[in-house]
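The following pair of complexes shares a single chain, chain A, combined with chain B in the former and chain C in the latter.
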Partner chain A sequence: MNAVNPGRKLALAGQALLLILLYLFLYFPIFYIMYLSFVENTVWPFPPEYTLEHYINLLTLDNFHQGLVNSLIIGIGTGLLSTLFATMAAIGLLKYQSRWRGLLMIFYLAPLFVAHILIGISSLIFNKAILGLPGNLLSAIIANATYATAFAFLVIVAQLARYDWRLDDVAMVFGATPAKTFREVTLPNIWPAIFGGFFVGFILAFNNLEISFYNLGAIPTLPTIAWGTLRHGIKPELYALASIVNAFIFLILIILYFLLKMGFLKLDIKDR
Partner chain B sequence: MLFFFVLPLLTTVVISFWRTESYTIIHDWNIDNYVVLLTKHTYLVFLGRSILMATAVTLISLIYSWPIAYFIAYAGGRYKLVLVLLTSAPFFTGIILRVTALQQIFGPIGIINTALINLGLKPINAFMYSNFASGMGLVYLWIPFMILAIYLSLLNFNFDLLEVAKVNGASPIKAFFEVTLPLNWIGTAVGIVLVFVPTLAASITPRFLGGVNGALFGNILAHQFGATGTWALGSAMGVVLFFVSIIAIFLVWKTVDLRRSGFTGGDI
Partner chain C sequence: MSETILQLQGIYKNFGSVEAAKNISINVSKELFALLGPSGSGKTTMLRIIAGLETPDKGRVLINGRDVTNLPPYKRGIGMVFQDFLLFPHKTVKENIVFPLKMQGKDESTKEEQYQWVSQLVHLEGLDERFPYQLSGGQKQRVALARGLVSRPSVLLLDEPLANLDRELRKEMEIEIRRFQLELGIPFIYVTHNQEEALTMSDRMAIMRLGQLEQIGDKFELYHHPQTSFVASFLGSTNAMQGEIKAVDNGCIVVDWDGVSLRAPYKDDFKIGMTVDYFLKSEKITIHPPGQKPDDHGRTVIEGRLRDTIFKGQYADYLISLKNDNEIIVSDVPTISPALRNATVSISWPSEAPDVFPADGGLA
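Take a look at the complex of A and B:
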């Protein structure tokens, strides 16, 4: 490719070093917490005294189960809602030419540029003061879906950009109804993208504190429990909670990664 | 989307012109909230501190992200996707859990200071609930966005252009500032905004990592909806925050020159 001279080699090595430092910076705290969740002496854990006590304490915590269930409900609800919106938006935007394309794109992505705390308080105000609704899981799902849709939209658009819409036309020419075309041609081809969008929405909402908190009031979720615990000084149960959630999320990301790879593969084969 | 995103924001604007008395909102048009915000010294200090913090965090992220994104895009080869996903994976584990983890490293009794004490040295004061600590926390939280934005831009960048620049006698530094940076400025600008906006509104990180002087605008904003129940004032603060974000986005957008950034208009 390029003739590699010593100066460039040095620069690349320097950059690689920076990348490694970044990974250390990003992952050391996460893995350190996992380590702490298994040891008795959390302040200075050398040498470690291993224990599972924190996990047992966590499981017996009052509202832990309810928080977990609520977080899952919010995550799945937001995931479904935002995937639905994002898929419709992405297909509409990519399939049909429109001179509003740029404007619509900006509109769908706008929630990315608004701070979470603002989305949280504004939907709280809207629900309570205007609609007169109390905070509940549904309003939290809807509020989370505003920005989760933007993320899901990004993921889906990035992949659908490579989809050949002429396939749909072919199906239509051969007499398929629009619904049948979508079910039998479009969907099988784009499902990895949709799946990716769902997972992104799910993870974001599952972990969200600022938006959920303002919409839920006293209803616990895992992040609000974590927040409450953190406020009253760190308790080792929090390490256990963080480790479980982190492990769970990394697992999802690994699955997602392979799905993405599969998704790309599928779309690539079709390109030929 | 229109209903659940735009309408709540508009409601916030409306309420910011009302007032709250003993936890109820009174429909009484006035601009007192804004007068308070713009004349009371404390609010301006908080706002200024937030803007300063957000600028610093954005700059640090920017400077650190560029070589990393460049390296992944240029030398990543077939591992590009894994490398870049590894930088953004921590983002998905949630703010609160990441702050918890950070406290264990950089907090007053985090591993670094405990190690120093155990070795008989003085603990580092900067880690004891300071603006430095919360700044570092914010970089930790939001740098993935910056890397991702620059990386995505660099993916579409033709590195052969640099060879052309070199053949024509440009030094590497000159080639970077005259070719690479301008051609990838949109991605960089998006990254800047994506880091600046959430940092400006940060309320959790400074609360747990910042010190007595560490409270930022986001903290007192959150406070209005929690303890004091002064929603109208809080709404006004939200509006102020929103406008500062918009101004920042506008300023960044002004620097984008579509013709120079290789924008063809058609793609996406």
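Take a look at the complex of A and C:
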């Protein structure tokens, strides 16, 4: 056995410390809110006295149920719409070699860089004047889908780049119509990518405040409720709400992780 | 000989400014037909046109007399073995193989029957439930072949099917693929850039270059009587020389190759002073041990220095340095001792051995 070089040991310890600090930077505020949501005195919560009071208050809050349902509708609707568009865009871009590929890609991704508040205001005006849509859930779904499509596209295109489109040719030569080719060969290989795109679109729209707010007016969603209650000072119910939403998302990610680990889900195509 | 199954008539295909096919006409009967050419010669494009994955700009594709030029691939009933195998990664061996039957809407008993037949044909017993990533290269190759043959197609296309296999396996599969063709009695059209493969396996072959057909015919014909410089240099292990015709003598021309005289049969378009390409397959040259001087009647005889001997078992390659600083490779039975390195030896070949063409038809 070789003796471990003490300099190397120190370097490793330093790297580990750096990693921990980085994770703390990313997650500490979130975990702190989760902690607050369970304690009695949220102003100076040390030492803690645990309680579920904030959660009970949250559940009895006006509009909470309606807001949750609306947020789910917007999340699912936006997720479906943006996944559909992003999948078509990604397939088109990857399957058909074009010398404009780079430019086409930039235009798919550009909505990522537009301020949400601008997307909100512009789609409010556009949806009303041109589409004749009053402020409602549909209008919010369409507005959220503009930038969620760009995000979903990013996720989907990165995964689909690994799919071998020659498999589509193989299926067609062996008698599969284009529709059957998609169902039998393309989709079973690319669905994890599509699912990833949906998941991203769903979460973005579920959590979105600015875009939804402009297109909904008085119709509540979880983020607009949270924002509305702010006007009366930060209430502990908000901590409970934030914790529930975050816990829900972490839970999905953890489930996905284990499904992947145990092989029920495959994100990678092992064979070219 | 037997009836024509596949006909290509005057096929043209351009990709932008690249001519991938230029007036290609080929008839294939129940035989193993090789399409041979370097990469970029348009051979894979021809295969894709036959399969329906590309549409020709001009020309027709006929299978059993039926014009399929404008049919999509899934209506052509062709079998194909793809480069890199391209098995469906999410399907098992059995699902991969019965895929064509499933797409044709065949019932379960037909599927089972055909599957049993084809997995016996290609020796695939016991792999039914494996996934492609669990297979070795040779097994993938067999699955790909089985999938190509399972529906008993009217034509089987093979696109560089052995390119990813190691040498041993390739030799084994060459023999197997020939056996399948003989047993099934359908045309196999085999695309490759490997001349050894094409020569081993095919009955007839076509050589393509830059989207054009250089020569088509029996493989012996192409090997021994190439009609273009390209075919002459491409097939076999060829010494390429170039020189000027100095004299015509007794039905022969004498070519001056940097001061060395080479003889070749006279052809009508040859004139004194013309520059010609002179191709000579290395096995058509005889090497004579030091001290033996062959009779130069009707032969070209040259002296050179035996620079090295590459012993290959059944034969040896002798590298001969000539006085004009060029080198010739001679493949002959390994009778000369490798100890004779740097000895002066004579090499000779009959006048009719080389293939000679006017130099303008040159090699790109």
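Rule of thumb we're sticking to: the second predicted complex is superposed on the first by the 231 of 272 C-alpha atoms of A that agree within 3 Å, B and C clash if a C-alpha of one lies under 4 Å from a C-alpha of the other, contacts with A are read in each partner's own complex, and residues count from 1 in each chain.
By our rule, a contact is a pair of C-beta atoms (placed from the backbone, for glycine too) under 8 Å apart; a residue touches a chain by one contact, two chains touch by 3 or more.
Predicted, not measured: the structure shown is a model, and the values here were computed from it.
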Should the pairing of chain B and chain C on chain A count as a clash or a fit in the superposition? fit
Which of the two, chain B or chain C, is in touch with more residues of chain A? B
Touching A:L209 in the superposition: chain B (first), chain C (second), both, neither? first
Once the structures are superposed on A, label A:L24 by its partner contacts, choosing first (chain B), second (chain C), both or neither. neither
Specify the angle subtended at the CA centre of chain A by the CA centres of chain B and chain C, expressed in degrees to the nearest 10. 100
Contacts of A:T177 with chain B and chain C, given as first, second, both or neither: second
If we overlay the two complexes on their shared chain A, which of chain B and chain C does A:I56 touch? Say first, second, both or neither. neither
Quick check: superposed on A, how many Å separate the nearest Cα atoms of chain B and chain C? 17
Name the residues of chain A shared by its contacts with chain B and its contacts with chain C. none
Partner chain A, residues of chain B touching it in the complex: 1, 4-5, 7-9, 11-12, 15, 25, 64, 67-68, 70-72, 74-75, 81-83, 85-87, 89-90, 92-105, 109, 111, 114, 118, 140, 143-144, 163, 172, 193-194, 197-198, 200-201, 203-204, 208, 218, 221-222, 225, 231, 234-235, 238, 241-242, 245, 249, 268
Interface with chain C, chain A side, in the complex: residues 164, 166-167, 169-177, 180, 184-185, 188-189, 269-272
So in the complex, the part of chain A that touches chain B is made up of which residues? 2, 7-8, 11-12, 14-16, 18-19, 22-23, 25-30, 32-33, 36, 43-44, 85, 105, 107-108, 110-119, 121-127, 129-130, 142-143, 145-146, 149, 157, 161, 203-204, 206-210, 214, 223, 226-227, 230, 234, 238-239, 241-242, 245-246, 249-250, 253, 257, 260-261
Under the touch definition given earlier, write down the residues of chain C that touch chain A in their complex. 51-53, 72-74, 76-80, 82, 84, 86-90, 99-100, 103-104, 131-133, 147, 151
